[in-house]
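Several structures are given next for inspection.
After this come two complexes, each holding chain A, first together with chain B and then together with chain C.
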Partner chain A sequence: MSAQPSSKSVIAIIERWKDEPGGLLPLFHDVQAALGYVPPESLSEIAGALNLSRAEVHGVLSFYHDFRTAPAGRHTVQICQAEACQAVGARALAQRATELLGTEFGSTSDDGGVTLEPVYCLGNCACGPSVRVDNRVHGRVDSERLEALLAACRQREEP
Partner chain B sequence: MLQFYEPQMDFGTPARTSDDPTAGTLVDLTIDGVEVTVPAGTSVMRAAAEAGIKVPKLCATDSLEPFGSCRVCLVEIEGVKGYPASCTTQVAPGMKVKTQTEAIADLRRNVMELYISDHPLDCLTCPTNGDCELQDVAGEVGLRAVRYGFEGAGHLDAEKDESNPYFTFDPSKCIVCSRCVRACEETQGTFALTIQGRGFDSTVSAGADEAFMDSECVSCGACVDACPTATLAENSIIQHGVPEHSVVTTCAYCGVGCAFRAEVRGEQVVRMTPWKDGKANEGHACVKGRFAYGYTTHADRIAQPMLRNSIDEPWRAVSWEEAIEFTAQRLREIQHQHGRNAVGAITSSRCTNEEVYLLQKLVRAGFGNNNVDTCARVCHSPTGYGLKTTLGESAGTQTFASVDAADVIIVMGSNPTEAHPVFGSRLKRRLREGAGLIVIDPRRIELVDSPHIHAHYHLPVTPGGNVAVLNAMAHVILTEGLHDEAFVQARCETEAFERWCEFIRDPRHSPEALEADTGVPADDLRGAARLYAHAGNGAIYYGLGVTEHSQGSTAVMGIANLAMLTGNLGREGVGVNPMRGQNNVQGSCDMGSFPHELPGYRHLSDAATRSMFEKDWSVELDPDPGMRIPNMFDAAIDGDFRGLIIQGEDVAQSDPNTQHIEAALSSLELLVVQDLFLNETAKFAHVFLPGSTFLEKNGTFTNAERRISPVRRVMSPLAGKEDWEVTLDLAHALGCDWEYEHPSQIMDEIARLTPTFHGVSYEKLDRLGSIQWPCNDHAPEGTEIMHENEFVRGEGFFALTEYVPTDERVNRRFPLLLTTGRVLSQYNVGAQTRRTDNEAWHDEDVLEIHAHDAEERGLVDGDWAGISSRVGDTVLRVRISERVRPGVVYTTFHHPFSGANVITTDNSDWATNCPEYKVTAVQAVKVAQPSAWQARQREFDRRQKQLLEHADQA
Partner chain C sequence: MTVEAFLPRDTTALALDADEVAAALLDAGVQLTRNGSRGAFWLEPLLEVKVNGERIAFGPVTVEDIPGLLDSLAAEPADHPRYLGPVEAIPWLAGQQRLTFQRAGLGDPLCLDTYRSLGGFAGLEQALAMSSRQIVQEVKGSGLRGRGGAAFPAGIKWQTVLDTEADQKYVVCNADEGDSGTFADRLLMEADPYQLIEGMAIAGLAVGATRGYVYLRSEYPLAAEVLVAAIERAREAAYLGQDILGSGRAFDITLRIGAGAYICGEETSLLDSLEGKRGMVRVKPPLPAVEGLFGKPTLVHNVLTLAAASTVLAEGAAGYQELGTGRSRGTLTLQLAGNIRHGGLVEVPFGVTLRQLLEDFGGGSLSGRPIRAVQVGGPLGAYLPESQWDMPMDYEAFAEIGAMLGHGGVVVFDDSVDMAQQARFAMEFCALESCGKCTPCRIGSTRGVEVIDRIVNGERRDENLILLEDLCVTMEQGSLCAMGGLTPNPVRSALAYFGEDFG
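After this line comes the complex of A and B, so read on.
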């Protein structure tokens, strides 16, 4: 999933967006899509090209939880912690996930396989608790299904 | 003038004035039963403040646009649902506002409870105890308890950032009001701060979560000023506590001439705060003016007069009486033996008007010759000549505030964000509002491309090609018919204009024909000329990059021609504006420092003027002009000139061709130096008279917009005398019977004898704050904009500006062109700023060189490069830079051992002898050790310091 940071692709993305009004957010999306994260060392270059300061660019980047400044694990598991899912057991599910992966919210399992994150509403409230694995949302996830989903992540990595 | 310390009045939101489209419309409303009338667009908060009603506030301050985040300024408005924030709500006719009700009180208290639940309760030991808006508001809303407790998540353990030498950032005290972030954006225009994260995790971040010193911060202190808590606090306040009284005075650094409140405890300055009512700066400051005043109490200050018979002898500390007596006697002896003209003086652009006036009077009336010159000789003398010739007055035409109305701005040979930072911020604000910008500079200065600033055209002129660029621009405007015919017809000399048209129309002045000389692509030059001609309001700001050339005066006239041609003179938003380097360059020129001019730029040959002075001074004046600085030095080497007084000026470091200067100084029989420190020049002196800093004296400075501003004493002179008192003593010793007890009497004399100063007095300065000359019967409160209905000389004069390339050209031996400039943190020769923590930003001068030229020479970042010109050589560290183009190298001269002026040559402006600092053909090669001059200089410095130690022990 994640590519090696390549300044070449960042430069191409900067070129694509530098003259567009409000180009900073789509630029970040493109960089994250290309590299899996936005390398902090690219901020000066992005700021210069967009006629902004490093502080401003950092302010925007840090405002959105979805943007990363370091590579994630090979898979990302997000457990909804918003009100509706909490009401149907999302907290316990989160607890279970941390036990299974041996990692906290916001961190990656030791083998680099899975990054665990909280998320606030996936728009799937009627079918909570909701969990998103990479780009796929799963509804009515209980402890067993969670184990299965995590196991599936592992399995996909095996040759 | 002693004023007990009180923070400056804060109206919460900015005043709404003429630039508002609804200007002139007044709105009546009622606030807490009080009827108030304010301009439309005013906030309810400001309207209340103007009526003396205080609405509690945290995120609002009148230097920043309202933001509406703190929610303590809520009010009730009849007929309006809810509780609008008074800062973001504009007044409306008939509005009825209540600022204090039960409901509002509850809301405010609750908001404050939330703030305080994440704020340390260490008020008694807090640095800003007694000067904290959070503390004030807690009192105003009657906060008594915090129901939420102090457990839970918080920011109380956040770590301090003490990287900046002048202020500390303590995020544990931050209430995230964003005032610092907005000050950095709106006031300073650097955008170095942001709020990172979101929600409860929001914190202030310098750069991308960096230490302040590693971020884009330029340490102007606007954030510190704007902070309502102790989060951003001056280290001096942390160390000493809040001030007990304040004195309004004028900064002694650059030509912007910012007004400051010196905030003092006893005789100790604990903070310099820009004065909101100061018209030059309107509450803004830079890292020099606000923070770099530590030199005034530096251990290197010399506190006693000193004498020696030769420069190989140790200094001997003596009494003032002995020093003055010795000096007077030696001066008379020299005059007796070598003639009346064998002595002279150099006045200082850093001293007050009164001090400069007195020293030139001493030369003319006491020495009986006109051998007086000033350091403006080496900076803006071409401005004096060029503007006098074309427009009739040797000064800039506008106020700084005029730039707020400019539509297209040309910045030529000036780097305002480094050298005139407070004006630079004002300029940037106008550019962010959409004004066009043309930068004419060999270097890609910050204005060319920086956050939210982008020059429409950058014309990277080859050093020496200014006149070619100006001629080509004029050629484009005239041949394309873009000039303002009506203005020229009405305001300028027809015959001269016709002659000039014929001259400039010639195809040899086209941008295409001159491309090789200008170094600027013809298309860009044409584009820039059209942009300026179509401007509406076109304003030109220029600096030493224009004047310090062999054709400096020609270029100044070329600038005036452009402005006249396009009708860009005589109203708000336009004009020709020289950016003066030092605080009182304008004043020192006004005060008659030039060998051919009496105060007010009146030529000595004018018998009427001369007789007026002769009558007032009861002496006979020599009608022949005296020697200019370079003539003095040449004559010293020849043995005709033997005695020189230099006040507050370090010619051995600042003037070109250092080795020639040193030879001249060594030839003098008597060199008297009056200065704060044993500077490079003083190392050649026989008499050292300790000077007083701007904090130690009364007087006035005149800034680049002709604004005369008061300088007021806040502490006693270290050596017991203000500088003018020393000149007075010397005059008495030479037999002059002058009587002055206070500088105000000197100003009265200046006003009496100088038509442009007739209406100036200390009483009026106290009343108005500052006065822009001319101030006389026609303009009793001064003149903001010059040449409004007609030019001072009557009709504007189009001077012919033939481009003559400088002799200083590249060849195989010297293939690079060296040009020189300034950095933000240092000032001129650095005598002051090098003795402050500003060294943290720039502790050595470096050679900026393009990667291509560096590679050819095998130079990498940090290498030593030997730089040689046809007059000398020196060694500087290399910095690879994209700011210079191939073929051009750049350095500064803030440090004495850099020897930048060992390489600069004797070439000078044809009209005024202003040295050609900006063009020197050089070669740069990789070397391993300092130059021979640097080695000699270090040895000389070591020896002279030893000689000084003897004086200390005496």
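After this line comes the complex of A and C, so read on.
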């Protein structure tokens, strides 16, 4: 993500959702889609517009695994760690990914290229192990395929 | 002559490079329809080619297969190594009784003409000619039960929402499908989205709701894309909106995306999430049917339950009842996943046994090693050893042995599985996904992980086994919802049937 947190786009998103009942989740999704994360500095503004306290808004944000409050790498790689994928080697695959990237689950590789995350089911459970790279799901991912996917991430600058 | 072919645009097909295969087909001048998947995921990407008016299947196909495959059409298709014969005669598909999934894979999921030509919207048209009370009566008479997990009779909920007076009511579709090993909701939304839209509109007419929400998990980006387009087209064709098919009655649907929280599949947590809050589980009563979304009467159902309403209305209660065993009406949607050769969606009458499913449909494990454990009903379901595989799969039989069918997930493990690790994961998952309201669930699960670790390490084993059982009892009795309440299921079954794995 090269874009700087632009309060202008955040303001437009707040305008879009502030009067919608239950609009806080779609608002967070839109902010994250625009900026790659939800900047903590935007929470007061969001809270004000929605007539909530900052603590409430923060409470919602922190409840959901999807939302992040700091920028991620250029690509996000999620390795399914749920049971059906465990049954076909997802734990070993996760181990391999941390070795290849030199990073743990929940953090970003040193070159800023890849954020590695666990995910609990991508709906591809008949053909696991499943890996999601940005918005694309890959099935039957073995160690070799994983290496190729990660290498491709490093070559492509933007998702 | 141009070749006419079908290749699915479905999450699993795409995960196995269907888009790359599609590009190769288009390059070769094939007239290609991107259909939904039939759910035979082990054969994806499953290519169907029209030969003498019949759809002939090839699968799984790769980009490299395409030139040779197209050549074989002119000569002898049956000689091609990927040839599977007429698609509907593939035993894995022919052996099923498709009802909810009867249209899946037949055509372009977004084509309204296709949907109509396959009997679509007949249920909605029927409903428009009936009173709310009559529609609810029909659903009650069908014996339809919830497909989200608890299998509660749908008609009773519909009646409650109908009978509760309010200026606004809602229909909410639970498309959170968080259970590992399940993908039936996803397949339905990607392959036959109008069936869900139709079912929701019928539900709206029945209970007097003009607004519907679909709460879809964020892990399903393709389903989201398909639903957005389908809702838009349905609205343009007046199947949704202020004046449904000129009837003067209104119903519309808004799609909302979850944010990666398993607990938001629980209906009251889901409602809080839809309201823009933390997904905390609510104390019941009040039931959502009385005080649901924004405090208004709300009909919450799983994707498959709502979709089935269209069949119930189209076929009538009696027609719908004809399938099934005992009190389990209609068909059972099972999903074969994990370490299994022939994984995918299996829709059969209630009463099939787990063994039939694993052997006849599943074809054994993917690894070729013996199957050792099968987790049925998602992360909160029990692990079943071979001695339990001969029970008929219906709600009652499973309840009798302390197991559950849930949303129909069947996750297969071969003999390399470490069941202590699986029990530990059940506790870990509970700790990770707990909404935090109840101490036994929030703290008990974390303690559970530690206690299992100690057992496996041989630290005061007997003492810790007793402690683990105490923890299970506390979680079971002191939890508000099934997250904490049923996490003991996988833990206890792992211990009971596979105790040798625990150090």
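Everything below uses one rule, namely that the second predicted complex is superposed on the first by the 154 of 159 C-alpha atoms of A that agree within 3 Å, B and C clash if a C-alpha of one lies under 4 Å from a C-alpha of the other, contacts with A are read in each partner's own complex, and residues count from 1 in each chain.
Criterion: contacts are C-beta pairs under 8 Å (C-beta built on N, C-alpha and C of every residue); 3 or more make two chains touch, one makes a residue touch a chain.
Note that the coordinates shown come from a computational prediction; the quantities given were computed from them, not determined experimentally.
Peer 1: Given the touch rule stated above, what does A:53 touch, chain B (first), chain C (second), both, or neither?
Peer 2: It touches chain B, and chain C stays clear.
Peer 1: Applying the document's definition of touch, where does A:63 land relative to chain B and chain C: first, second, both, or neither?
Peer 2: both
Peer 1: After the superposition on A, what does A:146 contact: first (chain B), second (chain C), both or neither?
Peer 2: A:146 contacts neither chain B nor chain C.
Peer 1: For A:43, select first, second, both or neither according to whether it touches chain B, chain C, the two together, or no partner.
Peer 2: first
Peer 1: Tell me which of chain B and chain C touches more residues of chain A.
Peer 2: Looking at chain A, the partner in contact with more of its residues is C.
Peer 1: Under the contact definition given at the top, report the residues of chain A touching chain B in one complex and chain C in the other.
Peer 2: In chain A, residues 59, 63, 65 are touched by chain B and also by chain C.
Peer 1: For the complex, give me every residue of chain C touching chain A.
Peer 2: It is residues 11-12, 14-16, 41-42, 44, 177-183, 186, 218-221, 223, 256-262, 273-279, 294, 335-340, 343-344, 366-367, 375, 379, 409, 411-414, 417, 422, 425, 429, 433 of chain C that touch chain A.
Peer 1: Going by the contact rule at the top, pick out the chain A residues touching chain C in the complex.
Peer 2: Residue list for chain A touching chain C: 21-26, 28-29, 50, 59-60, 63-67, 82-88, 119-128, 130, 132, 135-140.
Peer 1: For chain A, which residues count as touching chain B in their complex?
Peer 2: 40, 43, 47-48, 51-59, 62-63, 65
Peer 1: Once bound in the complex, which stretches of chain B touch chain A?
Peer 2: Listed in rising order, the residues are 190-198, 205-209, 215-216, 449, 451-454.
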